[in-house]
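Shared between the two complexes below is chain A, which has chain B as its partner in the first and chain C in the second.
For the complex of A and B:
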């Protein structure tokens, strides 16, 4: 057997270009339908698992898919805001646990998620290092986000300005990292979590500054009208929330009108779920309620339909390629008639000569299948990244 | 090998191709062990056919061909192939080397084609010695496509002798060579068969070489039809 494989290998090595072309062709014939299937199965799992664990999402009326993608995967453009009062409305109805989601900001490429501690319970997120969010300004980072941002407990994360040319826009907030989450292989690994109010501070709806009643702040006073102090532009505003300046942070106006992008509602039971959804059915209602699983299933149906067409096309191309590969092998056998005759004439057994020729085909097919298996393995390993790149991004 | 027994004994040989009218009859022919025999005659008279019959490549309709003590006419295809690869070396006019193998691998080819021939260090060192004997000592790993015509025929001769064959059948071994190489290859062939006591049956058209053979079989003296 070793001699058969040796002779087959010598032939293939002598005709490297032909061998590589055949191996690549077979790799593609095998990998494309299998890899695509693996990818679709993974995307099915990836998309439905998280969606199934999220009963209802409330958001401003618009694209249900966009609302689901941004709330579940922190992908897609930020949807229109809805007032925080909608979250309180759900909570006050006592039909569901309401988890606010503020999804607008980023720290470099990592999303900053403003939410409540209920979110961590919903997703089963555990703190691997440090502690959970406790005070305004704290942040807890996912495992991947910690690696990408190069931070650990005790370091700081700075929110990224949305637009460097908008000097009246959002200013960066320096937030201490108080915890790093255990990896759970979901988009949560990529996120930076803060308390909802911290995102409002980033947004400029809450702020901290010098105490204007103190003598050293006198230069910053523009006008005093009774108990109201109007400061001028020289007043020192804080871009970091510390134990010393925390008390100076405050919000102007009604928190109920402050923006959030979504509310995850976890109904207490089926009846509560039905009642809650019913309340948002009216045409005059500006808020929509979506069932993420239904939305993602609809998306998958589209993907599966596309997959069927793609697989059909791939199979047709694959068959054509296979036919070409067979033709190449048959033609090469015709060109090698003299060589085969030599082996026969010096006394090589027919079965032996046939085995050498078969071994060449087996080696080529084997290498192609191995390469396809490797690519399929890579697809399985990095499928979630591919899904993010293809579907979510 | 019994040195007193003839290397080849042919009796009442009758052969014809399935298609065509060609027929070869050899009533009787004996070649002694270690004898060198030239086979001459006009084209189409059956010289190569005779070599093929002795080698077991072709099978006669009737008669006996005793080669190295075995009547190969009675053997099946697989047994004839096995007998050939182990006992008979073949040298062809067109060299018939395997283009994708180097010199050493071409010489060792019979070992790779027959699992009964053990490709061990002894076989390898024999191949290396043979390559040196035919004057290609520094070219073991050179692809045969990069050799001259004369060098290729040297590789073919080394391949024909590597299994320790007792008989060498050469079909116009110098037919494709220039005069200078022709003499060299023939010298080499005779040196090797003489050193090893190998029987040589060679088809040739070159009458100038006949005096180097022990015996000449002229096909015009055999009964050949048409």
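For the complex of A and C:
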């Protein structure tokens, strides 16, 4: 047996170019449809698992897909805002747990998510190091965000300005990292989480500044009218919330009109879910309720339709390639008639010669399948990254 | 065909190895079989919760007893304790100034005076300021000692009962019975106070601190407030302000939040002003409970109105 394998191996080594071409052809024939299938399966899992764990999303009327993608994956453009009162409306109806989502800001490339603690329960996010959000200005970071931002507990994250040319726009807020979340292999790993009110501070809707009634603030006072102090634009505002200046932070106006981008609603039961969705069916209603699973399933249906066409094309090309490979082998056998005759003349039995030729084909096919398996493994391992790059980016 | 695909993919994945799979957790309510853990932002709410919940509820006010809960600032550990509770009872009416500045799970928060918002009293002399392009804005305050109006206290207790019933529907009847029991006590106190103060709205009174707005409104008290602390003897400027106030508002009694310093009492007497204590009982009393303190308040007021 060893002599058969030896002779087969020597033949393949002698014709390396032909062997490599055949192995690559076999690899592609096997890998392309299977790898594509794996990618689609991962897409299904990636897109539906998180969507299935998110019963309902409320947002301003517009693209349901965009609302789902930004709320579930923090991808896509920031959708139009809706007032926080919509979140309170859901909570007050007592049909569902309402989780506000503020999705507008970033710290470098990492999304800053302003939400409530209920979000951590919904996603099963645990703090691996440090503690949970406690006071205004605190942030906890996902495992990947911590690595990319190079921060750990005790460091600070600074929110990024939305537009470098808008010098009167949103001020960066310096936020202490009080916790790092355990990795859970979801987009939450990439995010920086803060209390919803902290995002309003970043947005400039809440702020802290020096006490205008104190003598040291005199330079910032434009005029006084009874108990009313009119300050000028030079008033010192704090860009970091600390224990010392915490008391000076305040919000102006009704919190109910402050912006959020989405509300995740977790109904208590099916009946509550139906009732809640029914309340947003009116034509006058400016808020839409989406079922993320349905939205993502629609997206997947589109992907699967495309996949069917692609797989059909790949299979046809694969069959053609396979036919070509068989032709190459058959032709090479005809070219090797003299070689085969020589082996017979020097005493090689017909069965052993046939075994050598079979071994050559088996080794080529085996190498091709192994290479395809390796590529499939890589696809499975890094498929989620490919999906994010192709679909969510 | 699907079976063939499945086998092919499984075999290739088995050879090639699989990557990590997403581990998505679904929400699971962390309910224990034990008592409902309830933390409150002041003692009166803890008392109501304790009376209503009985053996089914472990209610407490976790703040220090020597600090006014309205202005106490909890540490991160204190906030963690609130986060871990099953329910957090808020007083509402801007009480506990720290609440908007911390992270608490909104699904656990119960604003016990939410349904009373149309009865809130706005503090009119709050400071206003303006700066930047946003223009003028006011930090208008809201009086927050709501429970001193015992009808409001009953409404707050009702909100607590409803929250308990929603959290533990199986004990609904128990909570209802306890509520009935508690309101009987509160109605009795309210009745005695209204009887005591009936027809006395022309009698001027002075409060040592502006915390009696709801109390004064409910029981028709002609009350003006200064900004004194019971444990501190007021300075010259404060005495002068009081003298000016007494010229306009000739009160014969000053209502204190706590036992006043002896020197303050003596100097007030020289001005013809007697002292009595109406303790809002925002923190746990050294002895007795909320009802005992309210009984003492009624007794103290009786001395003032029956002289």
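Everything that follows uses one rule, which is that the second predicted complex is superposed on the first by the 392 of 393 C-alpha atoms of A that agree within 3 Å, B and C clash if a C-alpha of one lies under 4 Å from a C-alpha of the other, contacts with A are read in each partner's own complex, and residues count from 1 in each chain.
By definition in this document, a residue touches a chain if its C-beta (ideal position, glycine included) is under 8 Å from a C-beta of that chain, and two chains touch if they have at least 3 such contacts.
Given the structure is predicted, the values throughout are model-derived calculations rather than measurements.
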item	value
Which superposed partner A:246 touches (first chain B, second chain C, both, neither)	second
First, second, both or neither for A:11, with chain B first and chain C second	first
Contacts of A:117 with chain B and chain C, given as first, second, both or neither	second
Residue contacts with chain A in the superposition, chain B compared against chain C	C
First (chain B), second (chain C), both or neither touched by A:266	second
First, second, both or neither for A:347, with chain B first and chain C second	first
Which of chain B and chain C A:378 touches, first, second, both or neither	second
Touching partner for A:186 - first (chain B), second (chain C), both, neither	second
Residues on chain B engaged by chain A in the complex (per definition of touch)	55, 57, 77-78, 81-86, 88, 90, 92, 96-101, 105, 109-115, 119, 159
Touching residues on chain C, where the partner in the complex is chain A	5, 8-9, 12-13, 15-27, 73, 76, 79-80, 83, 97, 100-107, 125-134, 136-139, 166
Residue numbers on chain A that touch chain B, as the complex places them	3-4, 6-7, 10-11, 13-15, 338-339, 341-350, 352-353
Of chain A, residues touching chain C in the complex	30, 34, 37-38, 41, 45-46, 49-50, 52-53, 91, 94, 97-98, 116-118, 121-124, 131-136, 138, 178, 184-186, 195, 197, 209, 212-213, 220, 222, 227-233, 235, 246-247, 249-253, 266, 370, 372-378, 380-384
